[in-house]
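In order of appearance the chains are A, B, C, D, E and F, and numbering begins at 1 in each one.
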Amino acid sequence: MQHIIQQLAEIGQLKNICHEQGNSVPMPSVETLSEVVRLARSLLFPGYFGEAAINEQTLLYHIGIHVERLQGLLAQQIKSGLCFDDTLPCDANLERTAQDKATAFIGQLPDLRRLLQTDVEAAYYGDPAAKSYGEVIFCYPAIRAISNYRIAHALLRLEVPLIPRIITEMAHSETGIDIHPGATIGHHFTIDHGTGVVIGETAVIGHHVKLYQGVTLGAKSFPLDEAGNPIKGIDRHPKIGNHVIIYANSTILGNIHVGDGAVIGGNIWVDKDVPAGATLRQNALRAEAKGKE
Amino acid sequence: MQHIIQQLAEIGQLKNICHEQGNSVPMPSVETLSEVVRLARSLLFPGYFGEAAINEQTLLYHIGIHVERLQGLLAQQIKSGLCFDDTLPCDANLERTAQDKATAFIGQLPDLRRLLQTDVEAAYYGDPAAKSYGEVIFCYPAIRAISNYRIAHALLRLEVPLIPRIITEMAHSETGIDIHPGATIGHHFTIDHGTGVVIGETAVIGHHVKLYQGVTLGAKSFPLDEAGNPIKGIDRHPKIGNHVIIYANSTILGNIHVGDGAVIGGNIWVDKDVPAGATLRQNALRAEAKGKE
Amino acid sequence: MQHIIQQLAEIGQLKNICHEQGNSVPMPSVETLSEVVRLARSLLFPGYFGEAAINEQTLLYHIGIHVERLQGLLAQQIKSGLCFDDTLPCDANLERTAQDKATAFIGQLPDLRRLLQTDVEAAYYGDPAAKSYGEVIFCYPAIRAISNYRIAHALLRLEVPLIPRIITEMAHSETGIDIHPGATIGHHFTIDHGTGVVIGETAVIGHHVKLYQGVTLGAKSFPLDEAGNPIKGIDRHPKIGNHVIIYANSTILGNIHVGDGAVIGGNIWVDKDVPAGATLRQNALRAEAKGKE
Amino acid sequence: MQHIIQQLAEIGQLKNICHEQGNSVPMPSVETLSEVVRLARSLLFPGYFGEAAINEQTLLYHIGIHVERLQGLLAQQIKSGLCFDDTLPCDANLERTAQDKATAFIGQLPDLRRLLQTDVEAAYYGDPAAKSYGEVIFCYPAIRAISNYRIAHALLRLEVPLIPRIITEMAHSETGIDIHPGATIGHHFTIDHGTGVVIGETAVIGHHVKLYQGVTLGAKSFPLDEAGNPIKGIDRHPKIGNHVIIYANSTILGNIHVGDGAVIGGNIWVDKDVPAGATLRQNALRAEAKGKE
Amino acid sequence: MQHIIQQLAEIGQLKNICHEQGNSVPMPSVETLSEVVRLARSLLFPGYFGEAAINEQTLLYHIGIHVERLQGLLAQQIKSGLCFDDTLPCDANLERTAQDKATAFIGQLPDLRRLLQTDVEAAYYGDPAAKSYGEVIFCYPAIRAISNYRIAHALLRLEVPLIPRIITEMAHSETGIDIHPGATIGHHFTIDHGTGVVIGETAVIGHHVKLYQGVTLGAKSFPLDEAGNPIKGIDRHPKIGNHVIIYANSTILGNIHVGDGAVIGGNIWVDKDVPAGATLRQNALRAEAKGKE
Amino acid sequence: MQHIIQQLAEIGQLKNICHEQGNSVPMPSVETLSEVVRLARSLLFPGYFGEAAINEQTLLYHIGIHVERLQGLLAQQIKSGLCFDDTLPCDANLERTAQDKATAFIGQLPDLRRLLQTDVEAAYYGDPAAKSYGEVIFCYPAIRAISNYRIAHALLRLEVPLIPRIITEMAHSETGIDIHPGATIGHHFTIDHGTGVVIGETAVIGHHVKLYQGVTLGAKSFPLDEAGNPIKGIDRHPKIGNHVIIYANSTILGNIHVGDGAVIGGNIWVDKDVPAGATLRQNALRAEAKGKE
């Protein structure tokens, strides 16, 4: 056993797979970020995700305490995120920078709430099985995935590294919905069921768009640089207009445009522009006499 | 920060997104419902999901204790569910109603067990990779998703609000299989792999049916009322006969009939009736000379 | 209630669904196996998954402690796995056998690390959104699913029962990627996004292969024996060559060959051999004037 | 083993030692009461015992939340206490009664705080080793024991059964100071070190009294009724005036009076009245030539 | 830091203070032994110390489960205790020996319960402040300390090493009452308040004895062997008759006899035999004009 | 309720009893300090208090990891201690100062271990009931109390505020032994049983001293300054020579000298110097004819 321990600890073997955080700051923590998301959700949807029932008299106290705790935990995680990336200087202003970004994020919570209100509305009106707004907020995976995305997107725009991606991956694991924090998504957005949905980094989605489970808004190919490495940051994902519906398991690839009001049927592969108002469907099926498949 | 706290606590901003439970009863708890499901599973499949090994001598004690705890925790969660919906009266009989529904549910456990025995059988016979019944019960996500569905369906028929949906969403998150508690499903039902499966609220599935991963039994469209709201409760999902197989990633939409013994190939979109005994396949592929995709 | 308890405890009712572990050894524990996987990952990727930041001075101590704990917990779980299968003799050498298998597994960690280094490389080069190796290792679900698969595959080859399947199902639940521990997968393997991917027990995948979300490498049909039971262990899954790409939501079924360098487009169903270098695409779409879908 | 289980479960054997709570209400919980005490202490001494640092801006929120949680948990425990005593009717008003008593208790917190401020002052001025008020509040066992006593005494006067005794026994276990909740104690009370101090149910202590470790204010004897049972509620403990000091390990027994300003030396047994201003000491020692003790 | 680590790990420095458990068995665990004691108490006093309320219908299940868990945890701890002492052979029968001793202990629980019933009675009749049997069982530290002692004494007589001492030290820490597991104590034993009570290894106490807080039954001196080491196992503690009362803070030392019915006042030092029926008191006090103490 | 909340949050009411930590640093944490003490004990007595069994091969790794964690947690708590005292500047060097003090403490661990080895020896030789060194280290409250004292004393000499007092109070609560961190105590020190022992801030104890339970080394009186406040830091506690024994429940008060080799019997009050070699005993008892006490 001693031999294996020595071998596993050999520095030469550890290229690219061993990590030393800057400044002795701890790694970002998925547990703490879960609490961050829970606190943010308790502020966005009061009474649903906190530890205690609320009422009008206690609402202010709950929000006061939760804002305070969110500020503390988020600043700590932002700091960990800043020290994860060794190309950033981990300097004396680190603590201050992290505090400032956390404060800026909290300042956006009222706007995030207004946006999420429209998503809840879209989910409620878009699903005959939805019994109430409450059921949508408390149970629907789409609301959880979209909340995490909108939180992560706001953090990304504040130039917080790594943390946004962890937050969307948490929703990905929980709901099967994978939205990159870099995507741009309008109001009244909803996803039905959701498992298998993928929305790429440079995708842009308009207002009042509805996706079903298994829909991909992905990249079709990407250019390599002279060294054979993929060029980062190229715009390579679909641009979806307003009032578009895309049915289950369809795959929309590349930097193409899907016009306003288009409807894309299920199980199809689309890699060309779709005009406004168009409807796409899978080709006719071949029915056979029954035999063993 | 004080300014943001005030803003977030402003009652006027909270329409539809702030929740006050009736009667100061706490919110339903996902943690407690996980324990409820674990207890139910330990009663349905003794020896697999409890904290301790069992044997013939101790079986009775374990079942006695687990029934008692299940009764207590389930009644508490049913009560929370009843107080979630503010259209229900949260009156003095609440405690009693919740206790009665929990007792009625426990009375159905022997029947649920008989039904799940057939599902385990179907999974075992349907998968050459299955080594034993034990492996199927302990490891297969389909058994977990179908157990949660059958528990939730029983609770829904006892007119328990909200809790059934939470229980199926727990399985959805854990397995990627999304079965609405309102669906009706026969015996010897199985799902292979399962990620991405969606079964809608008004779907009806016969006996001996097998689905593969990514299969959707969904709604194609739904009528709106005069105010533009979706009409709740319309029958809008497929009716699947007995001995039907549906291969991976196919999407079956609308209130159509798939006849007994039909086989539906993978990756296809079906929105018309399928006669008994038919076999459907995707159309021929287009092979190209290779180039960059 | 007493009546239901009696009924649930009736031995006659419990055929195939009640489990008694051999030798009074406890059941395998998903919690402990999560810790086993966490420890293995902390050894494979030092500094990412342990409780504490590491540096060159403390690396040896962390690896020493983690190897020791991994040995203890893994041996305990292997023992539980051996006693789960009642066809294996649960004899006096059980403890020793479990210890030996755990030790043998730890001896393979340096090789597993070299293999996973190539997978990390493939993910990094294959995704323009990847900011750094660190982000890939810490956040990408594919790395988590492939790590679990490679750990489980090594245990399966050491003839450890049940535990490998639990470990891949843990990744399945977390990532939506379902890789059977029996599959054989070459180096530089990567999966993008991943939700809904299924790789079957007898699949063989070459080097430098990339899969997108929703891809199935499954069985199309399987022979039954005279009693109508599926014959276990038949070779029934695809064989994929080197440098192959398969796009989102395609379903590759049966013991067919996909030649080196082939590219398979999204949303298609393939059940015939694909020659080396070929490109397959879905047939042309049918565009319609917009109407209600 | 079955035999022993039967024997232990035999009802006939369980006289006086088996407890069935009224109304299926759970037993009082020492864990929850610890949290109750922690919350009360966080309200009495803000900033010392809560989970988070406070400042002027957040003080109100913390107090609001803590009052709310204290109300909830205390009412629940009072209810459990009321159902512990089977001579009390466990009727429909139980919930209401418990809520009312909890509310009444919270209404006394400002007064309790003023009283405890004097005890902190007495401890600070009475100990040259005390570095600051903060150290006294955060570290001194006397403050913890006296806080628990004052909380328990207030609850006892609200006719809450059992809970007061549990709260003082929690302090007894933590500090070795055993103050019966029925005792009456004036302001500016302090105890130095404290281990072994006992203050009986009917003891009365004036203002500005200081006790050292091991001091007992106990009962010397008590009358029995005709059946040989001790008569409950007889006044049987010392009455201590103002500005009295009692040194370590002295035992003051019976319903005697110790006058204002008396000083009682250490290690003595007192069972007669002590006049105001008197000083009592142990008799002269006998010094011996050294030998083995 | 590396230097200090090396120094602390130097084997030469570790004589007598470094421990290696035999057979790689873990150390005894205070947490597990707390659970053992809690389980034993839940069997001795049903309804007081379990997690759930009990009633006649569920009593059998609770006792069945608790006996099973007690057997498992106690055997595990006995095994750890047997491997702590390196003079005992840690051989192949270890597991069996531990199981047998645990079983033998459980077989004594009915007798232990009968004995503890008398102690509860003695506490109830001996304290006018006791409101009910329930309060005595649930709140009185004496009952907790005597329960732990009686459990530990039974284990010691079964030749279980170390564990009995840990169990009485747990009570010592919780209650301040230190009873050596080797002491012999009759029925109807009670201790009032109890902090500071010490009862030595070879003390023998009759029936119906009552001690107050701070009473010591200790050793006065002990002979050394030729090497200057104390001779282990010498009979060196008091023998107390029946119906004896000893008041607070008295110290009874050496292998002396205190006759039946004797009463020993508080704060005195006794190292000579006390005849039956005698009453001992502290000498007269010296009262002084008040001055500064 | 709102009224009470306002009242409790009124700043004017909070003089001396409300605490605001400097620099937004959290309060010292008793839980973390328990872990600090556990880590220190695992380094001082390897194999007794860690989570895992150790052996020669793994000893170095355990010590390496525990030193690292101790350094981190102790520095964090020292920082909290430094910010507790608002007379200290909470400046930019705070982090550095805390790290330095933690490092200096760890550098003293080898010396602390040598000292504690002598205390273990003294306990083993001084108690015929002690079965082994292992039992003394693992079970004896004296070793726990003396360890905490020696740790706290070392921290106090490094000018760490507050933390030392918390650490000795933790032992006080656990064992009933109250040693002020400021006391000076020689090698081969032991305390038998220990409940109720008090050792004051300016006490000095020589080598090879043994105390029994309930012994106080306290202050008799202390001068006040002109404002009536006790003068802090006055030398007011006993000075005990080498090879002194003090029996149970005796009270030694004031800045007096007890000479080498003196023996002080139990239950006596001593406030004058005791010459070397002297033996003190309580005066003769008064025996009475028995009557009701």
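Simple rule for what comes next: contacts are C-beta pairs under 8 Å (C-beta built on N, C-alpha and C of every residue); 3 or more make two chains touch, one makes a residue touch a chain.
Since this is a predicted model, take the numbers as computed values, not measurements.
Colleague: Go through the assembly and pull out the chains touching chain A as well as chain E.
Modeller: A chain counts here if it touches both chain A and chain E, which gives B, C, D, F.
Colleague: Note the shortest touch-path length, in steps, from chain C to chain F.
Modeller: 1
Colleague: Would you kindly state whether over half or under half of the residue numbers at the chain B/chain C interface are used by both copies, giving same or different?
Modeller: Mostly different residues: under half of the interface numbers shared.
Colleague: With residue numbering as the guide, point to the option in D-E, B-E or B-C that repeats C-F in over half of the contact pairs.
Modeller: Matching pair: B-E.
Colleague: Centroid from C-alpha atoms only, then distance chain B to chain F, rounded to Å. What do you get?
Modeller: Centres of chain B and chain F (C-alpha means) sit 59 Å apart.
Colleague: Mind checking the centre-to-centre distance between chain A and chain C? Centres are C-alpha means, answer in whole Å.
Modeller: Roughly 25 Å separates the two chain centres.
Colleague: Counting in whole Å, what is the centre-to-centre distance of chain C and chain E, each centre being its mean C-alpha position?
Modeller: Using C-alpha averages as centres, the distance is 53 Å.
Colleague: Specify, in ascending order, the residues of chain D that touch 2 or more different other chains.
Modeller: 1, 52, 60, 64, 68, 176, 195-196, 214, 247, 249, 265, 267-268, 281-284, 293, in rising order.
Colleague: Contact residues on chain B for chain E in the complex?
Modeller: Spelled out, the residues of chain B in touch with chain E are 52, 58, 60-62, 64-65, 68-69, 72.
Colleague: For chain F, which residues count as touching chain D in their complex?
Modeller: It comes out as residues 1, 4-5, 7-9, 11, 13-21, 24-28, 84-85, 161-162, 165-166, 169, 172-173, 176, 178, 180, 182, 195-196, 198, 200-201, 214, 216, 218-219, 222, 228-234, 236, 245, 247, 249-251, 253, 261-263, 265, 267-270, 277-284, 292-293.
Colleague: Can you tell me which positions in chain F touch chain A when the two form their complex?
Modeller: Residues 1-2, 57 of chain F touch chain A in their complex.
Colleague: Which of the residues in chain D end up touching chain F in this complex?
Modeller: Within the complex, chain D touches chain F at residues 43-48, 52-56, 59-60, 63-64, 67-68, 71, 103, 106-107, 109-110, 113, 116-117, 120-121, 125-135, 137-141, 174-176, 193, 195-196, 212-214, 220-221, 247-249, 265-268, 281-291, 293.
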